[in-house]
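First chain written, first letter: the chains are A, B, C and D, and each begins at residue 1.
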Amino acid sequence: MTETSITLTLNGKKKTLRVRPNELLLNVLRDRLFLTGAKYGCGIGECGACTVLIDGRPALACLTLAVAIDGKEVVTVEGLARGDELDPLQEAFLDHGAVQCGFCTPGMIMTARSLLDENPSPSEEEVREYIRGNICRCTGYTSIVSAILSCAQEKEGA
Amino acid sequence: MTEGYAIELTVNGRQVSAEVRADETLLEFLRTQLRIIDAKSGCGKGDCGTCTVLLDGLPVKSCIVLAASADGKDVKTLSGMQNEPLVKALQESFVTHGAVQCGFCTPGMILTAASYLNEHKNPSRDDIRRALSGNLCRCTGYKKIVDATQAVARRNE
Amino acid sequence: MSGVIGKPMPRHDAWAKARGDVVYADDFSLPGMLYGKVLRSRYPAARILSIDTKKAEALPGVHAVLTAKDVPNNETVTKFGQSRDVGSGFEGMYRVLADKKVRFMGEAVALVAAETERIAQEALELIEVDYEPLPGVFDPEEAARPGAYPVGESESNVIARYRIRRGDADEALRHADVVIEGTYRVPFVDHAYLEPESGVAWLDENGVINIRVSTQVIEHFRGVAAVLGVPHNKVRIIGTFAGGGFGGKEDITVETYLALLVRKTGRPCKMTWTREESILSHSKRHPYVMRYTTGAMADGKIVALKADLISDAGAYVYLSPWVLMYSAVNATGPYEVDNVDITAMTVLTNNTFTSANRGFGAIQPNFAYESQMDELARRLGIDPLEIRRINCIKKGSTMSTGWKIDRYVALPEVAERAREALGEPTSMPAPWKVGIGVAVGMMSYGRLMFLHDTSRSHVRVEMDGSVTVRCGVPDIGGGQSSSLCQIVAEELGVDMSNVNIYVSDTALTPLAGTTTATRQLYMSGNATLKAARELRGRLLSKAAEMLGVSSDRLDLKEGSVIVEGETRRLPLVKVIAACANEGQELFSEAQFNAPFCEVPDLSDIKGQIFPDFTFGAHAVEVAVDTETGMTRVLRIVSCYDVGRAINPLSAEGQLEGGAIYCMGYALMEEVVMDRGITRTPSLSEYLIPTSADAPDVTCIMLEYGDGLGPYGAKGLGEPSCNSIAPAITNAIYDAVGVRIKSLPATPEKVLRAMKGDL
Amino acid sequence: MYKMRYAAPRTLTEALRLLGEEREGVYVVAGSTNVLPDLRAKKIRPSLLLSIEKLGELKGIHADGDVVTVGALTTINELLASRDIELNAGILHQAAQRFADPLVRNRATIGGNLANASPAADSAVPLLALDAVLDICSARGEREVPLSSFFTGPGKTVLERDELIRAVRFPSDSENQKAFIKFGLREAMAISLVSVGVELRIQKDEVAYARVAFGAVAPTPMRGFRTEEFLVGKKLTAEVLDEARQVASREVRPISDVRATESYRRHISGVLLGRAIKMALGGGMS
């Protein structure tokens, strides 16, 4: 199969890659760029573990063709922290015990990031609604929701 | 890869197509592209023999063979010859004679010994020493390597 | 007891090695791994005025470029696994990347991590370093003089001075019937292990930097942590099966560089040195100038020995003071001399730094004193064996430090047996002349006692009767881990194939100390023996209860408990099950401590410095081509009191390998340094023996069983390469009547000694 | 970024065309045993590696009446295995036995060893003693060059940029007596410290014909013309031999380096000459 050349901004840096037409973004990220933050959980868009941001919007990397991101901006969980300084959401997840096995966490945080960027002070209901595509099997969601809300409140107060 | 040169060869019995740089060594190609690790890199310039492989049946130092020149050829490393009776016999003999210490020279040493014994049925100790003289060993002082090789040669008589 | 001790056994790791299945340091890769490279100084002595890394950083694919300013603690202290701060000037400054002054050619100046090795290499070429070349100093005697060029910043070039005195040597020399004087020189040599330095490091989810590396000392995790400024438990070192060590992988090699690059990039990183890099920049064996004076009476009894030893430490301290201590204590050799005066000094120069190399300071003076002994014998017309009979120490003799040796000394028996086995000289036609030479040697096994050495090991029986051992011993090819399996198999009465061992991991295996100083069989062997015996005791007392007999009538054999004088057998698995059922511990972890002492007064060294010594001898026959000076070693006999050969195959392997290792030292090996510049940068200039150069080594092992190791074993790794060099030069003397006092005895040197000007 | 290309033409015509077209930076590769170490040491920086390995025209050993022709691509081990070489050029066979090591001998070619023009080239010395001639070709045509005027300096030869060595030829004269001796610092994988090749014909007790060659004692492998001249017409007594050694010691032009001094190499040149003469004559010395 012929490969196409794509150019994207990945975690703030321009990258040019040659990809096959049927190659998935998740595989490109994990297998070729060694960014293993986005996880493979189901492969059919049911679990949200592979969530990344494409042009600021949450997207499922397991359902996105790599060719489709030509010219776009992609952020993965690896692109959230600035050096040693974690994103406030990452801090909040730690503080609230919102991380147990940790497999859903990268996707969950990316979805939450997008929510807060869109809506800096969401209600608990809005949070639960927004993250419902991201399945967590460990926490029962309570601590995840409070972690996200804590960021929202802090933001409001700032 | 504009500088790539396409080659097709057989490696350990498998057909392989690949692109190599003009100056890529056969050793580098085997280790980094094919992840075949039993050929070792000890000096990078043909001085030690730890990278020995068979190229069209002849033992060569793969760190001074161009990968591109293996095009169309048959390459065998020790891991591709585990079922050859002579190789097996040598491995067993090296193990039981204590001819293996750190083991870094061992794959190359066994390949050279195997290829020599294929051609020479009744070598003396000196013949064996000369035949293995392109493969350095720093641990054993060579005696047990010669013992192990000679024991197999005797069995093959 | 399974009776495997003393049997020639294939090592547990031999099959994997013979199949090429062992994953050595460079054979390992991780996804997303970067490649690290080191920029090395082009000058042996210079001041770094500036370093510009911008162009290198801008190269696509480059992830990090680091210089001294990026290293949290660029200057720490050189350690080699000791858990004790010895002080007294033994521990020198360890500098990660060159700062201020460059001290040797090849010193690390900057580090690069990039996506491929080639990109990393290209990036190195883009780093611009502005050097101001400085004069430097390259001769230790010159460097020791007042006003000499200072190698470092403020410290003296003279690192250490020691003295050992006994009686009055000068006075005794005045009354001696014969006085032999000589100056002996030995060169820089390289370990030339076939596997160059290599490792892969990665950061794990606990923030721990993991370093999988070819090393003799996994305890360098503490040193790496000190450089990074992180707690010790945030650095883990996993030692791989090393493709040879011989002392060259005793100091830190790639570890700190990898840790810094991983910390900077967050990505896994591999670094493997090229052979040229290895020869240029890892430690070398110390060159020495040794001035000896031996006085004896007409009957052959030595009455005085004076020696002045000067070693070239190269550019940094590393292990030079320790090596010098070995030289001083070994300077009189295994001879009882009432009047001794030894002075020893090690000095910084702008040569590549020197440190441990198989023999660790004991083999340099061995060349000198065994040359003197041979000369003394010739001068007095006494047989070289007889002069040793007259003077060799025995149990109870007083050594130069005043310590009375308290264990069996198989001297001069080893020399007599070696000489006897050599038999009659071969006859060869002109221009060849044949000669025979003998030399003896002593060397310690186990570390200097003031290091307070310890080792630990863990043994566990599984429910099916198989055994798991965990011990932090780095395996560098000497059979270090296999002999531990053998000890456990012996004590627990199981087959070797039923023992599995995990070694060399600072996080998961009990720390066992370094694979140096010929200490692993002694130290970790004893720790493992202790653990295995404790577990054996527990199993036997349970079995005694089950069988209703006293446990001293029980033994473990072939996976069963057997009762003395009876045919009853109780399967071990049943005992294990019963222990498990009662909640008894099915494991044992034990620590073995060597004898300790305090640091002696360095200006007057007294007392016991080493736990014990291994004694051995080499007898060799050489043929010298009288027209070219070429020496061929025709035959070598190596005879050692090994105490007890745990695995005779491994013990012979050490003796044979050691003899050929230093046959190279005697005849062909030299790292030629020309004002700090290495003129022998690869294995086509730095020659080591090939199979066509090495004669068969005949081994004679005496087993007096009086060693400190398990079952009375002594250590062999380093002692095995002692005494071969003087045996060869003594044989050259026997053949052509010239005494070579400077190694290596190249054809040109021998011919010039014979003919003067050519 | 510096790039290097690789080409492996299948015909001589194609190889010569490529060689002629490439302006500079083309480096001819056969067994690659020299090229790769040179690349590693950054001694060379070619833009094109031109592999001639596939050129069948450059292979094979032919003994044809009184001439032996050895294709440039003949490996050292192929020389060793050849009955024709053993019978007609025993001196070359002897040199091949001491060449590098058994593994390198499977790759190193005779043409490569000559074109590389190392002063210590082990195949050059016996071939000089054999009065060998090189067949050299280019897209412009063919020419032959006596080996004795082929080398011009360390790594330098009279080969033009567009030329290849096609074959080495030498007379197959089994009447003459020959010997080669290599002196190295190790038994294998050793660079010659000095090597000597001699070819002699004795008629009526006198030397009627002499060829002497030395390796590693001058900027190039060299013919010992003065030594030859000295020998011809002489009866090989012990005194003459002694004098011949001294002539040889004076004639060579060695340097001092990390392996030996100049004076030692001179001395060894004489010693080896004496030994080679004795060996060639097989003890039939007066």
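Definition applied: a contact is a pair of C-beta atoms (placed from the backbone, for glycine too) under 8 Å apart; a residue touches a chain by one contact, two chains touch by 3 or more.
Quantities reported herein were computed from a predicted structural model and do not represent experimental measurements.
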### Message
My parser should flag the chain pair with the most contacts; which pair should that be?
### Response
B-C
### Query
At what distance in angstrom does the C-alpha mean of chain C lie from that of chain B?
29
## Note on the structure
Whole-Å distance, C-alpha centre of chain A to that of chain B, is 49
### Message
Nearest whole angstrom, what separates the Cα centre of chain A from the Cα centre of chain C?
### Response
53
### Query
Centre to centre, by mean C-alpha position, how many angstrom separate chain A and chain D?
68
### Task
Would you give the residues of chain C that are in contact with at least 2 other chains, written as numbers and ranges?
684, 689-692
### Query
Which parts of chain A, given as residue numbers and ranges, touch two or more other chains?
none
### Query
Listing for chain B: what residues touch at least two other chains?
44-47, 130, 132-135
### Summary
Full set of chain pairs in contact is A-C, B-C, B-D, C-D
## Note on the structure
Listed in rising order, chain B residues that touch chain C in their complex are 31, 35, 37-48, 50, 77-79, 82, 90-92, 94-98, 100-107, 110, 125, 128-130, 132-146
### Message
Applying the document's contact rule, which stretches of chain C touch chain A when the two form their complex?
### Response
31-32, 267
### Summary
Listed in rising order, the residues of chain D that touch chain B in the complex are 3-6, 8, 29, 31-33, 35-37, 39-41, 48-49, 51, 53, 77, 100-104, 106-107, 187-189
### Message
Residue numbers of chain B touching chain D in their complex, please.
### Response
2-3, 5, 21-23, 25, 44-47, 49, 52, 55, 58-61, 63-66, 68-69, 71, 112, 116, 130-135
### Task
Under the touch definition given earlier, write down the residues of chain C that touch chain B in their complex.
8, 10-11, 13-24, 26-27, 29, 191-196, 241-246, 272, 274-276, 476-479, 649-650, 652-653, 656-661, 682-684, 688-692, 694, 696-697
